[in-house]
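Written out below as structure tokens is the structure these notes cover.
The letters A, B and C name the chains in turn, as written, and every chain counts its residues from 1.
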């Protein structure tokens, strides 16, 4: 068959991410346009020699290496030892170890819903006073980040439990500029144009989309992002919020319509690489490679800002904003997500780590690596490793509406369970109404 | 290096401790508490013999009680409470569960697994054991068929993902279909109903080796005279196998069947790794994992349903054990 | 001797054939993965492993260098050789030297025969010779580097690269040692404890024996997921926490019912007269056990040891719960499932190599022990 990749891509991809920064810092303090003052000030104010902090999170592979490189600065500044462990099944591991009383000091939650759950069981420690004020002042749309991380504790009192660090933008369509250029396609500005482009590609004998929902036990989650994006493009943000809070039922016509909007792309054999039946089982990490094969297996891939990590090394890629309908007056909604750092095992050093995350240098060191976006307004955006990352930051800034990934806010059983499997059922044949009703039933049964 | 040292020390302490316990406790029992001397010699021997079984059993009973009986009882109590564990709801978890479609699917699929996997593994294992019995390269063949036993469920799932892959350039199933003239790849894991069997095949592939090893030993243990007598009486090889050999190794077949049935009820890895329970392939252990740490009331209730399913097999075994004792 | 004369030869052919067929059927999935673990990612998706020993036609892209543009009358021309392009000289060990077809767009990357001229849009042309020499012409100035696509036969490429990638990943050696540390005590301790218990249940008379046997059989089916959280909490209360001691105890507890069940079934089948005559001769139960039953039960002990070893080696769930979740304490299965698989989802070559590394030791153990095992099983007599 003629499914091909750029020569040498494999060799590079395999060796990618295997080099290990052994103890030394990626950027020597004092070099470059980093905010080293903030680093030095923090180093002077904190001495944690002899203390050890353990951090667990969902990142493995390249992301894990990056976070280790970034945390190395904290270790260097304070003298503390810091150990990061990433696991693909972080969500399970953290619950087990917290219940067992052997939780790490700091946990990095990809889903605020899970953090809220654990806070209500008394497994998290509230952050230091004043942190919420700091976030409100120094983060773009600061108050919304505070609200997303403020939960009721075991005693029912509300406090700030998490600090958002590393943000992803989700409303993006990735494409191969070379392929677009050769075929003479323009970047669509509206959803109508996007649909027209989709048909155009089919007419030209190509396949427009690569969609893959496979993700092991989490199979189905990429579809939830599609549906959320479609909700924001067909309904007002208020309706979106009501949906996430289950104030309108999951099988409300608005939600069913959004699911069907997703189905417009995913359930059409001509529109997706491998046909609709391949959608459910193709691994999400695997599916974008079709953009870069020769001839292209597909032209567009809707996925969050982290996905270039899984592109073949050396491949040229670009993205455009997943456009909104021109006919609907909903502005430029953007869907995003972020990881939440919370203290699962209290110690002075853990609080110092959260404090360190407030320094510009903590953000800049990761910005200069890859795959990192931040709403921190005090950082030097020239430090973003690529223009792509910088442009991603612009998407965040241009948004007229910003909404957090709804499935991450729903209770774990729905947002990380029924919603996923429901979407798999939907792409494999069940109709939207039935799927939505099933999810709503599960939600109702929880109360 | 420290874990290695730690490991060595544990092996020595653990093993030495166990041996020491059994040896010393017997010594104490025989020499100190009930010495077979003096007037009470006879009575003491009897007394010691009444106590001794419990000495032998104590470590096992202790570990079983701690690691299995206690959690079972604790979990049963838990299954009678609601999801957050603060309200007693009797059998509420069980009734809502049985009314749920997802559970019914899992229950039905599990039923298929419990019937098909032990039957197929035992049958194939018996077949291979018999066929390789007099074969010059029988031991090599047996090793190769046993090999999947050495592979973890995660590893096995990976191997079979490769076989079932959609792309005819990766998956051999689709490659064969294309060679036979198919034009559209078929994802066998999405074929409703039959996909369950494609998953079961993986476990059969693993477990046949187990059945084969045990049954092969049992076949060799059959007294030659009975077989010879049958041949002299004019029985053909099939009759010898089914009428003479199989009845004699029935006890072993029961053991193998039971062991595999039990395994089937515990394995969630295959479904978890292959389909994540999607496409109507959920089985009870993977269904339970869905609720684990979220709704413990429901999760423990599922565990009890699993235990109830095996009840018939258990009763069969206990009766067998009774028969042997007589 | 167990065959009737005359049918013997035909029956043995059938037997040989059917065993051969079954063995082949059993091996195919593993062989597929084994072969794939030596191939690189491009080739795996390019052709099935069953065709991996023949050359594969792959499509490549290079960019013509705009620095070499010269004018020929009205035309702007770039000339060069494909195989001299930077994209190629960087690739290690490439042995490409013949073009099978070429094109100027990714839609049609190889539609033109070498030596012919492809007409591209806007009156541009591209000619590529079989040896890689190309000529690109355009009536207008060339502002971006034009792409040239071509197909070439790539020879089969087997390497240890996938294995190296995994072996070099952080903490793999550590994970290997951790696994051994978990496995060995977790295999030996339950066998020892179970052997005594099995003997008591098989050959000692006492009240409640039937009940205990029933209990053991009943406990076989306890889904161990049930015990995970309560036991972990208990371990924390008594100060063991998430540690090796904890996981050894856990594996012991979870392995015992099957161990007792299998060993008891075996021991019951031992010849009654030997044991009874020993007892008549005045041997105590302890002596009977260590001197007679234990040696006779060796095959059963060995086979259970193998099963328990395989089980603990391959276990993922218990290790995740009872060992700390930091990368220093990961065992191989956790390392592979949570670290490697997560970060390289679609990379078949890596996944295959990871699977083979994890099964290497069990396979070695099995193949070295199995003679022993089979011999042992033959010596004993199973009822």
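Note that in this section a contact is a pair of C-beta atoms (placed from the backbone, for glycine too) under 8 Å apart; a residue touches a chain by one contact, two chains touch by 3 or more.
Fair warning: this is a prediction, and the values are worked out from it, not measured in the lab.
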Note, CA centroid farthest from subunit A's centroid sits on chain B
Per CA centroids, the chain at the heart of the structure shown is C
Note: subunit C sits from subunit B at a C-alpha centroid distance in Å of 21
Chain-centre distance (mean CA atoms) for subunit A and subunit C, in whole Å, is 31
Per the C-alpha means, the centres of subunit A and subunit B lie apart by a whole-Å value of 41
Subunit A residues touching 2+ other chains are 1, 3, 92, 96, 99, 216
Flagged in subunit B as touching 2+ other chains are 167-169, 293
Note: subunit C residues in touch with at least two other chains are 45-47, 229, 337
Listed in rising order, subunit B residues that touch subunit C in their complex are 3-4, 6-7, 10-11, 14-15, 18-19, 22-23, 26, 30, 49-50, 52-54, 56-57, 59-61, 63-64, 66-72, 74-75, 124, 127-128, 131-132, 134-135, 138-139, 141-155, 158-160, 162-163, 167-170, 172, 175, 205, 208, 210, 213-214, 216-218, 220-221, 227-228, 231, 236-237, 240, 249, 251-252, 255, 258-259, 262, 265-266, 269, 285, 288-289, 292-293, 299-300, 303, 306-307, 310, 314, 317-318, 321-322, 324-325
So, in the complex, the side of subunit C touching subunit B is made of residues 1-4, 7, 11, 15-16, 18-20, 22-23, 26-30, 32-33, 36, 44-48, 50, 177-178, 180-181, 184-185, 188-189, 192-194, 196-197, 199-201, 204-206, 209-210, 212-227, 229-231, 234, 244-245, 248-250, 252-254, 256-258, 260-262, 265, 268-269, 284-286, 289, 299, 303, 307, 310, 313-316, 333, 336-337, 348, 351-352, 355, 358-359, 362-363, 365-367, 370-371, 373-374, 377-378, 380-383
So, in the complex, the side of subunit A touching subunit C is made of residues 1-11, 13-15, 17-18, 20, 54, 56, 60-64, 83, 85-89, 92-94, 96-97, 99-102, 104, 178-179, 182-183, 204-206, 214-216, 283-286, 289, 294-296, 310
Subunit C residues touching subunit A in their complex are 40-42, 45-47, 57-61, 87-88, 90-92, 94, 105-110, 147, 149, 161-162, 165, 168-170, 228-229, 232-233, 235-236, 241-242, 320-321, 324-328, 334, 337-347, 349-350
In the complex, the residues of subunit A that touch subunit B are 1, 3, 92, 95-96, 99, 216-220, 274-275, 277-278, 280-282, 412-413, 417, 421, 424-425, 428, 438, 445-446
